[in-house]
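Presented sequentially are two complexes of subunit A, the first with subunit B as partner and the second with subunit C.
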Partner chain A sequence: MIQRTPFANALTYGVMIFGFLLLIGPFVVIVSGASQTFQQVNSIPFSFLPQDRLLENMSAAWTRASLGTAMLNSFVMASLVTVGKVALSALTAFAIVFFRTPLKGFFFWMVFITLMLPLEVRVVPTYAVAADLFQPVRLLISAVTGFEVSVDWNLLNSYAGLTLPLIATATGTFLYRQFYLTLPDELAEAARMDGSGPIRFFIDMLLPLSRTNMLALTTIMFVYGWNQYLWPLLMVTDPQYKTTMMSLVALLPSDNGTPDWNVTLAGSLIIMLPPLVVVAVLQRWFVRGLVATEK
Partner chain B sequence: MDKRAAFRSWWLPSLFALPQIILILLFFYWPAVAVLRWAFTLEPPFGGAAEFVGLANFREVFADPLYWNSVGVSLAFALCGTLATIFIGLVLALAVDRQLPGSAPFRFLYILPYAIAGPAAGMAFRFILSPERGLMASVNASFPDFWNPAKYGSHALILVIVVFAWKWAGYTFIFLLAGLQSVPRSLIEAAAMDGCGPIRRAVDIQIPMLAPTLFFLLVIMMTEGFVGADTYGIVARTTDGGPNHGTDVMVYRIVEEAFRGLNYSGASAQSLVLIGLIMIFTFIQFRFIERQVHYK
Partner chain C sequence: MADIAIRAVRKSYGKTPTLHGIDLAFASGEFVVILGPSGCGKSTLLRMIAGLEEITAGEIAINGRVVNRLEPRERGCAMVFQNYALYPHMTVAGNIGYALKVAGVPKAERLRRIEETARIVGLVDYLDRKPAALSGGQRQRVAMARAIIREPSVFLFDEPLSNLDAKLRVTMRAEIRKLHQRLSATSIFVTHDQVEAMTLADKLVVMNKGVVEQVGQPLDIYHRPASIFVASFIGSPAMNLFDAHISVDDACLAFGGTKVAIDKALAARLGERHVTVGIRPEQCVVTSEARGISMKVDFVEELGSGRVVHSELDGHPFAACVDEETLVRPGDRIALELPLAHLHVFDRETGRRIELEFEPRSGRSATKRQMLEAV
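On to the complex of A and B.
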């Protein structure tokens, strides 16, 4: 647009730089704090200049909070949650969109209502189910037949416990549903005319077509899985299954100990890095997934 | 809404939907029923079957001043957090949308904080805005006790709101930028022909055209502020609900009461109130989306 607006342009640049300081500034503080010595990080005023001790601090944090196991566990958990969510949402949306069945609406509303039941408000009973997975089944059987069955399976301290309760997803299902609805009707028609059944149609046509969709969903769900805090906290008591969000506590300087915030910051930097890399590298898909899931 | 050419089968779709339905039944509906049951019953202290007590749990919750404190804190947190994120996102989106030379990297950078988990961000901010070190220490050196979130509830509340706003500003930015890009260029050009500068255009054309997006974000962010997973994580890792219940948001109180106080009935009654709140928000959100579709 050809219009000379020197004042507004200066203001625009000012706003953008201010936004940069506001949103990226904390990263700068974290990185420079993490690269300083114990004395430097506690100095007043704080120096924004990065020093050369980043790797030392990171390895100190790594051993202090045993980040090796935690990073591995978080990675496994985030990957399983991602794969599970993508697979289940593709399947459920397929059932909702491409079939003429009276159960369609039922499935849709079943999934929809989960939006109104966040983990925080049903945390105790969900924990109870995870601690005794067959409790509902047992109660049902004894209510219907009068028999007491004793099957026990608890999910505490296991990858299944970390991931299964988080895999059901309304947003993912709706994202896929939205995508399927944009496909032309002729596609399924042509597939049917050529004699393909629904399963073949799903594998040979829908899956390849939904590649972009899948990538978008994968990025947001990986970040979601990695950043889970409350659920792992309840599920895991065994240090072997600790996730990174749980090691945050171990990184904090103790109340009466030395305030070595340089190590704390270095540790939190390590924990922040994987989702940050995903968002930075795959930003196009991440943004697409974000905007699409909310529609 | 329905597709014309659909496959005809009843067992196949059920099979496809089954895994998700099982997980939902196990980990969403069964627990929700338990919440409902616990909210209206009371477990006798020495075991035995739970006793139906009607609305007694609710009466007890509503009689507790600490509950109303948590409602107030949640309201302040959600409202301030929402307004701050939307304001920051809007101003930045308006600036980036002008597409001046050199603005492309900013668009990339503003989204990065959204990748960070609330608890991790909260812990970093404990350092960044700590009273003894980090950025506020020099201010505190000249004006003692000017900023101390460990001592004053209001400061602690500001601290958690800052963490929330920092994380979510990039999110609103994305949506508002997408909204701005769908404002017809011809309208903006016509305004420019009539001699409107960029600021006037922003105020008189772009922001009114953004109204649906702004409203949508208002609902989403309020929901997030009240019950978002991040809200719990931020409060737990930044201030622990303190000092003196100053940041005791509703979700934090529910989880604390359930797992530390072992007061399942009270926690369930509070959960039901919150679920009702979410239902209202969700209802508003979907009504609005239908309106927006009608609009186009």
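On to the complex of A and C.
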């Protein structure tokens, strides 16, 4: 324990306040800017006081960037990524931890390696696969028979294309693996003696026990899915599938247009809200799931 | 009710052999205790009977049916684990009734049987609690109730009492014994506590390093340990063991500068050789200098009802129990008589017991009770 002196206390508070301002500063700018008029937001010096034009600006932003569809798309995408990821992680970790198979080590390392390959690193090959799913089969057929089969099957402009590549990563699997490893072996054995098979054990024991873990992962994955930019940009050409991060561009004032930053800021505030709500609601579980396992 | 046969069972983890061929047979309704030091493979054997561990070689049959390939739930065994392994997110009732739920027993009947089982172990008032809100003894009862409710034909206990304090352990021991009488299922109880083993067992199995050293009734094993290991493992304080020489010409057992006369025919049968001799501390008799072996007292343990005197014989530590009246202090000399009837003789190489008597169990007869003479 570090000794408490007035100087150390002051220093601690100084560092904390500095960090807090650093984090909260941009957010204050957004909230105050989004509630100001066109003149106020462009006045120099910038006023950090919130005004009363928030709702007007928000509605202007909503129509300009057609945020309705974008929000819906982002919501669907983030939810699918979350659900898919949680389900996949819980199940893969289940297989890795609780089953003894000869190839266990191999599969574990295959999953582990994907940790080092986030989507941004493998974006080009992933896109190639998503854009032409039938390619491997076609290559096989032409190699064997010499026929060129033309089948157009891709994931561009679809929710599947938006979400699947984001689901297939190992982070969540590790969170679950760590949790499963904290459970005593006897728990699974007791359940086995009581006649429960693996699926029953998963549903009756692991799911309820991993509740905090699941909510923590849900929080992380929702924000992660919501904030995706690069991948939707590649996958989506149809405005119908646009996500919020893509519509941020439409909110920026054009080079020679009116610099109505108040509308831009109001738009980004709308876009920030859903993850904020999710974090606010789930944060209690989020912290618990990452810090400690329920006894 | 089920009998259990274990035939030439071996177990290896990878290349490391853990059990080296176990042959055992337990009768229906017997209370069997498996006793052995830590790491000797007791749990492994129990878990193979339960079906939690694969059987490397040999076979296990329950009620005449070979169960090697059967899932635990098909074997009719219930198990109580050392750390109880309760389901932490379920209430006591949920824990007790889980097996029935899995088996698809209708809710009304399930509740009735949970209540009934909880009454047997005295948990009726705690049915709505989570395991975290129970004391160690109560958790232990939940674990037992969880086993009882399945009405198993075989009960398996893996050191179920080792996490309890000494007093509770004695209480639970009595309860387990009572429960066994009431349910009369075959019970196999693993422990490394010899008092637990002696008090509970109908049949005691002593294991060491993956082999069975001796099987029998607790008192038989106590009185006629089959090997040096069993002799030193059973009994507290532990049996004194020291080197001795059998002389055919003198017809005697020589050790510690003394000679104990033995039957001439017996000496001839055993032959001239070095052996290990043992005697239990409680069977040494305090006597006069003239009749006994004189030893210097190193230290004295007070037990209240008596005391244990520690000294040395031929460089081997030697303990003797004396009664309250015998006052000795460290540094005193004490003369002990080691009655031949209570001497155990073991082969030095194999560690196996050598019978001194021609027909077992007649050792107390007066003719054989030859006293030790100081030379």
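Methods note: the second predicted complex is superposed on the first by the 252 of 295 C-alpha atoms of A that agree within 3 Å, B and C clash if a C-alpha of one lies under 4 Å from a C-alpha of the other, contacts with A are read in each partner's own complex, and residues count from 1 in each chain.
Criterion: a contact is a pair of C-beta atoms (placed from the backbone, for glycine too) under 8 Å apart; a residue touches a chain by one contact, two chains touch by 3 or more.
As the structure is a prediction and not an experimental result, all values here were calculated from the model.
Chemist: Which chain, subunit B or subunit C, is in touch with more residues of subunit A?
Modeler: Comparing subunit B with subunit C, the partner touching more subunit A residues is B.
Chemist: Applying the touch criterion given at the start, work out whether A:T82 contacts subunit B, subunit C, both or neither, answering first, second, both or neither.
Modeler: neither
Chemist: Now for A:S247: first (subunit B), second (subunit C), both, or neither, which partner does it touch?
Modeler: Neither subunit B nor subunit C is touched by A:S247.
Chemist: Kindly classify A:P208 by the partners it touches after superposition: subunit B alone (first), subunit C alone (second), both, or neither?
Modeler: Touch status of A:P208: second partner only.
Chemist: First (subunit B), second (subunit C), both or neither: which does A:D194 touch?
Modeler: A:D194 contacts subunit C only, not subunit B.
Chemist: With the two structures laid over each other on chain A, which partner does A:S35 touch: subunit B (first), subunit C (second), both, or neither?
Modeler: Neither partner.
Chemist: Taking the stated contact definition, name every residue in subunit A that is touched by subunit B in one complex and by subunit C in the other, in rising order.
Modeler: 186, 189, 192, 294-295
Chemist: For subunit C, which residues count as touching subunit A in their complex?
Modeler: By the definition above, subunit C touches subunit A via 47, 50-52, 71-73, 77-79, 81-83, 85-89, 98-99, 102-103, 132, 146, 150.
Chemist: Please name which positions on subunit A make contact with subunit B in the complex.
Modeler: Contact set of subunit A toward subunit B: 1, 3, 5, 8-9, 11-13, 15-16, 19-20, 22-24, 26-27, 29-30, 33, 41-46, 88-89, 91-92, 94-104, 107, 110-111, 113-126, 128-130, 133, 136, 164-165, 167-169, 173, 180-181, 185-186, 188-189, 192, 197-199, 201, 223, 226-230, 234, 245, 248-249, 251-252, 259, 261, 264-265, 268, 271-272, 275-276, 278-280, 283, 286-287, 290-291, 294-295.
Chemist: Could you pull out which subunit B residues touch subunit A in their complex?
Modeler: Within the complex, subunit B contacts subunit A at residues 1, 3-10, 12-14, 16-17, 19-21, 23-28, 30-32, 34-35, 38, 88, 91-92, 94-96, 98, 100, 102-103, 106, 108-121, 123-128, 132-135, 137-138, 141, 166, 169-171, 174-175, 178, 188-189, 192, 197-199, 216, 220, 227-229, 232-233, 236-237, 251, 254-255, 258-259, 264, 267-268, 271, 274-275, 278-279, 282, 289.
Chemist: Which bits of subunit A are touching subunit C when the two form their complex?
Modeler: 184, 186-187, 189-196, 200, 204-205, 208-209, 294-295
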